[in-house]
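Please go over the structures that come below.
Heads up, the next two complexes both have chain A, just with different partners, chain B and then chain C.
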Partner chain A sequence: MTRMKRVTAILTIVGLLAGFVVVPAARCADKIQFGFSVPLTGIFGKAGKLVLDSYKLWAKKMNAEGGILIKGKRYPVELVYYDDKSDPGVSAKLVEKLITDDKVDLLLGGYGSSLVFAASAIAEKYKYPMISGGASSNKLFDRGFRYYFATLGKATEEVRGCVEMLKGLKPKPKTVAIVGSDILFTSLACEGFKKYSKEAGFKVIHFELFPIQLQDYTSMLLKVKKENPDVLLVGSHTLVAIKTVKALKAIDFSPKAVAFSYGPTVPDFVKSVGKLGEYVFAASEWTPVLPYKGPVFGTAAAFDKLYYKTFHRHPDYVEAAVAAAAVTQQLALQQLGLQPPYTEAKREALMKKLHDIDIKTFYGEVRFGKDGANVAHPPIAVQIQHGKVVTVYPKNVRQTAPIYPMPSWGHRK
Partner chain B sequence: MLIQAIITGLLLGGIYAVYSAGFSLIFGVMGVVNIAHGDLVMLGAFTSYWLFTLGHIDPFLSIPFSALTLFIVGYGIQRLIINRVVEAPPIMSYICTFGIHLIIANLALRLWTADYRSITTSYCGSHLECAGLVIPYARLATFGMAVVMVGGLYLFLNRTDIGRAIRATAQDREMARLMGVRANHVYAMTFGIGAAITGVAGSLISSYFVIYPQMGLSYTVTAFCVVVLGGMGYIPGALLGGLILGVLESLTATYWNAGMSSALTFFILFLMLIFMPAGITGKGIVE
Partner chain C sequence: MIQTPPGRAFTLPRKAVLLAAAVFVTLILVPAFCHQGYALRLMGMIFMGIALASCWNIMSGYTGYIDFGPAAYFGIGAYATALLMVRGGVPFFLSIVLGGVVAVAFAVPVGLPTLRLRGAYFAIATFAFAEATRQAVLEWDRVLGVNFFQGSHGITLPIGPTHQFFYYTFLVIMTVLFVITYLVERSRMGYALKAIHEAEDAAELIGVNTLKIKIYAYAISAFFTAVIGGVDAYWLTYITPNDVFSVHITIKMVIMCLLGGMGTLLGPVVGASFLTLISEPLWARFPYDYLIIIGVIIVLVIVAMPKGIVGTLLEWKVDSRGT
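Entry: the complex of A and B
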């Protein structure tokens, strides 16, 4: 049974894959340290990097002004963060380290529902408010937590705009197929697609979840192709979206519309699939064209401009939601006039304040429900047209009409 | 539907075979389970990606470049690192190759960021359609290459001097050494050749799979399953194992669901390790 031992050994080694990227943190009384764990490598590595950029932008903006103004004194912002390698266990461990070892003042949210799920449990235990802008699985809100908040809507709600947009198309699609990877966020997006499809009167003729590690999508999608649905709805993140589009072309499957829960709004998507990405729809919660406005960043368009100036790319809605999360906590501190150090009593006051907060920001309105989810935020739908992400729903704010049905692969230039 | 599923499975199997052959070769000769194997696939894919992006060289034309690059990388890794632990207990080579995996993957991450990349060629996604069956050209070509490469490798090991030296060293290192074979050089050649064909595999998949620095480990795992199925160290077994696994996965994904296809892979791995450790052909190496 040497081979068995070998297999066990390999599995053990893989399991031991853990380590820390240490960011040196010097303690200083008159600044505020915000700690967070964020995936910089692994499956969420790319998206986690965007979250980090967004926080950096916020910190830079605040520090350019001399810091956060609380009761007449300015406190510079310092970010303390670690790479959780897309592993929930590591994420929880790191947040505990931030609280007990690094003794950061306050926390910021990370990225990815499964990771934030673990991290927020630690935050709740130590009574640190955590507002996430990069996690939206319903499960996060079902735990009766008092210290956890999110600027995004719930995952099942996020896709509502997409389905409502499809409902208004002519000729109205009749049948939909839903596929998605089986991680928390994307499977919930699939549930949301199913729920709203039924409400919209579409017939769901196929529903399938597949493991995120699935290397090859062709067999699965060929099966869906045989059922010939009008619309293909995909519970996805970036990697899944890229692989799906490539596989659709390879097997020559052109439904009248394809919609993703997440992916196409990330700049990598268009860069990576090029023309193959044309006409796909995606759920979104924010685009720079929306008429939102508030303190810190000004309008949605101004945030977009500053972001582009700093990072030479446009922000996606998660980056906006992440910055909005940091802004929300900041405004709550300012409104309360809470100065550091943040004792347990002060953090509790902050938590209570967040439950009552109702503010307008560049990201739109932020108002948390009892479970911590942002209830004031309407989902929207976007489409890739001529290589650009354009807002196509709701009708009153859209940039242009959706293109439907999308041309079949054989009829494209 | 059934025929389509089998064709898709065979084509997928070709892909599996093409990146598993090198894994089998390295194990067969040195008894080293190369955990960094998937990272060699990644390096091959990135070689093609950069040649395509910067030099507009088609992924199929970049095959010689990635073969050469990976041969050098593989030869170097063996000569400088693995040769030092090849005689030590197997756990040493796991730790060693796992370390190499971490180094390559993190170096790639540093250099190329965690971005998902893919090569979109003008013919990307074009396919042969006959009697309602869809056969993507790129995969058909990969399948052809798999057969050629596995066959070529088999002939190379059986018909050439260096091939004979490799096999002799695999059978009895000490005896081969007494016959004038330079064992360290032979090992390095073997790893180099194994890495080179893995690099070719990386180039082949680059036009239809997504490329990113962390992709390696899942390829190592699949290669491991394929090689256990076909027989560890038995080269034609890689082709057979790949095809069987590809067809099984495709059939499961078509008639059951895609989630079960990965579960099935591991279930088969488990059964094979217990009941048929020498693989389906019975020609694998069992200790």
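Entry: the complex of A and C
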């Protein structure tokens, strides 16, 4: 190799290393820095971006008012965040970086159960309260943590509304099949479906978990079709829901009802499947039509409107839960009159306050159980009708009656 | 006598040994002066990367057998450690060693048939093994109707001790692997491994028991990969099959080793440090684009230095002596 080539090669490497010397961000004492790690790439990348938008909206809203008002002084909000690549190890590392290197004042929750698992263990270690709006696996709450909270209900609870809605339909469905992808959140949703189906008096005639990497859903669903259940319940993420609907059409399988644990409420769902998505049900915890109201964002409808104005799309219930998590921490700070800097003693006071808090927000009531899960939040059910997500359960807040049974593929326009 | 090709048998002069010892002592002292949790975690992660890349190097780097399944042993170690600690109440250090033993118990029967395969067939067989292990752990409980691995629900471990603990644990594992690589490189086994790389049939003809040697290397690699998996499980406090058997773990090991230089003592050290140090400042500044940037950097380095950073530098050294 020539000398010239060698020099170039060495210069390349030295240049690459030297070009990226870390410069710490300048700190300003008059604002509050909220740090979080969020998946922007990897399997949770799509959902992670929604979480980020939701926090941005909250920060923008607060800063438009001059900041969070604590004891007569306004503190602007600054968000410090990194991409955890949907990797729990990276998520833990980033939260540790936020706490010890960036020295953020407080934390916000991320998205995805396995990521939040790792992140919240670090938060607990350093005694930083973490309220998540994007993780709901039951196991998160079984660890005896004191600093971890969630605005969502537990994963098995989330699907209760859907099953209760099905129970009230006429003619009442008799048999259900439950399928779902085999990752933590969706398998828990399947267990919730099973538990509440049994309670509702449905007969579970098929139960199957499949690998998340499964590409072709048709053979899996053909097995279900053979058993001819009245209802198909699916433990799903957005992509699972999309693939399921497409496969149902491909094999011409139309049960009387199809319900998903998650997916159809995400705008991408209707965009990807179009008319095929009509009539499917989904579990939800929040929609803009609910009669909720509180400080910061006002009513549920006002939050929806502001969201649409900012991002040109309607928020999903996870985005609402995420914003509600930020709002809850903010209200706790305001009620306590806790000004920065947030020492360990102040963070402990904040944690204790969160255990006692009982507030009404645009997202509904927020009250945490001993294990940190939101116990005040009732699950609801929605259906896709004419390309829109409409609330169909509970009866007292529903926009319209559920359409049931779902027309078979051959009888659709 | 087997002649080792220039650039491969890299003999460490006395000065280098002293330097390595000095680096080791400095690294022992770092936590006494640096109390920053993140910096220690980052260094812990670099040590872990170096250790993992060294595991891969011992087997694949020297023999040229591309192992695409080390994630299996990482996961086996993580699960063995988690189950022993949580269910059995076994102390951490004993758990990780037992995790390594379990991995060897898998590696020997897996290695016996697969190590007779060559080239792409070996790579595919090991990859299939890793995927099968992941799926087995994922489905075990449901198929057998038991409550053991807990499938996709994963296992929660107790919150571990301080960063210093993990810093030192990984420092020790990394150092042990470095020393083992050093010793293997200049032993009969090391020459045999390189001979397998250069001309396996010829090596066999002159009496090298190639299968035995490959199994040794494979088992050593599996043992330490599992030990590292066990430590990582305790560090993260929560494991699922999809995370600890992830193909990304394998890919990271391969890339770190390739970047640094396969079949060299310092290759894993340089590769793992280089990759971590360039990606750290990048992801903070370019959250959406850094993966592309890192991809371009890896391509640039491989094009400029096709034998890895260390491998190419050694070649230049030999070149300049010779010409």
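Methods note: the second predicted complex is superposed on the first by the 388 of 413 C-alpha atoms of A that agree within 3 Å, B and C clash if a C-alpha of one lies under 4 Å from a C-alpha of the other, contacts with A are read in each partner's own complex, and residues count from 1 in each chain.
Following the convention adopted for this analysis, a contact is a pair of C-beta atoms (placed from the backbone, for glycine too) under 8 Å apart; a residue touches a chain by one contact, two chains touch by 3 or more.
What you see is a predicted model, and the numbers here were worked out from it, not measured in a lab.
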item: Which superposed partner A:F210 touches (first chain B, second chain C, both, neither); value: first
item: Which superposed partner A:S114 touches (first chain B, second chain C, both, neither); value: second
item: Partner chain in contact with A:L354 - chain B first, chain C second, else both or neither; value: neither
item: Partner chain(s) touched by A:Y82 [first = chain B, second = chain C, both, neither]; value: second
item: Partner chain(s) touched by A:E124 [first = chain B, second = chain C, both, neither]; value: second
item: Which superposed partner A:M62 touches (first chain B, second chain C, both, neither); value: neither
item: First, second, both or neither for A:T41, with chain B first and chain C second; value: both
item: First (chain B), second (chain C), both or neither touched by A:D182; value: both
item: Chain B versus chain C as contact partner of A:K226, first or second or both or neither; value: first
item: Contact residues common to both interfaces of chain A (with chain B and with chain C); value: 6, 9, 13, 17, 40-41, 182, 209, 211
item: List of chain B residues in touch with chain A within their complex; value: 1, 4-5, 8-9, 12, 15, 33, 35, 90-91, 94-95, 98, 102, 106, 109, 113-118, 120, 124-125, 127, 129, 134, 136, 138-139, 208-210, 212, 214, 217-218, 222, 224, 249-250, 253-254, 257-259, 261-262, 269, 273-274, 277, 286-287
item: Interface residues, chain A side, partner chain C - complex; value: 1, 5-6, 8-9, 12-13, 16-17, 20-22, 40-41, 81-83, 85, 87-89, 92-93, 96-97, 99-101, 114, 117-118, 121, 124-126, 137, 139, 142-143, 182-184, 187-188, 209, 211-212
item: Chain C to chain A touching residues, read off their complex; value: 36-39, 41-42, 45, 135, 138-139, 142, 151-154, 156, 159, 163, 232, 235-238, 240, 242-243, 248, 274, 277-278, 280-285, 287-288, 290-291, 297, 300-301, 304-305, 309, 312, 315-316, 319
item: Sites on chain A touched by chain B in the complex; value: 2-4, 6-7, 9-10, 13-14, 17, 40-43, 45-46, 49, 182, 208-211, 213-220, 222-223, 226, 238-239, 242-243, 246, 249-252, 268, 272-276, 409
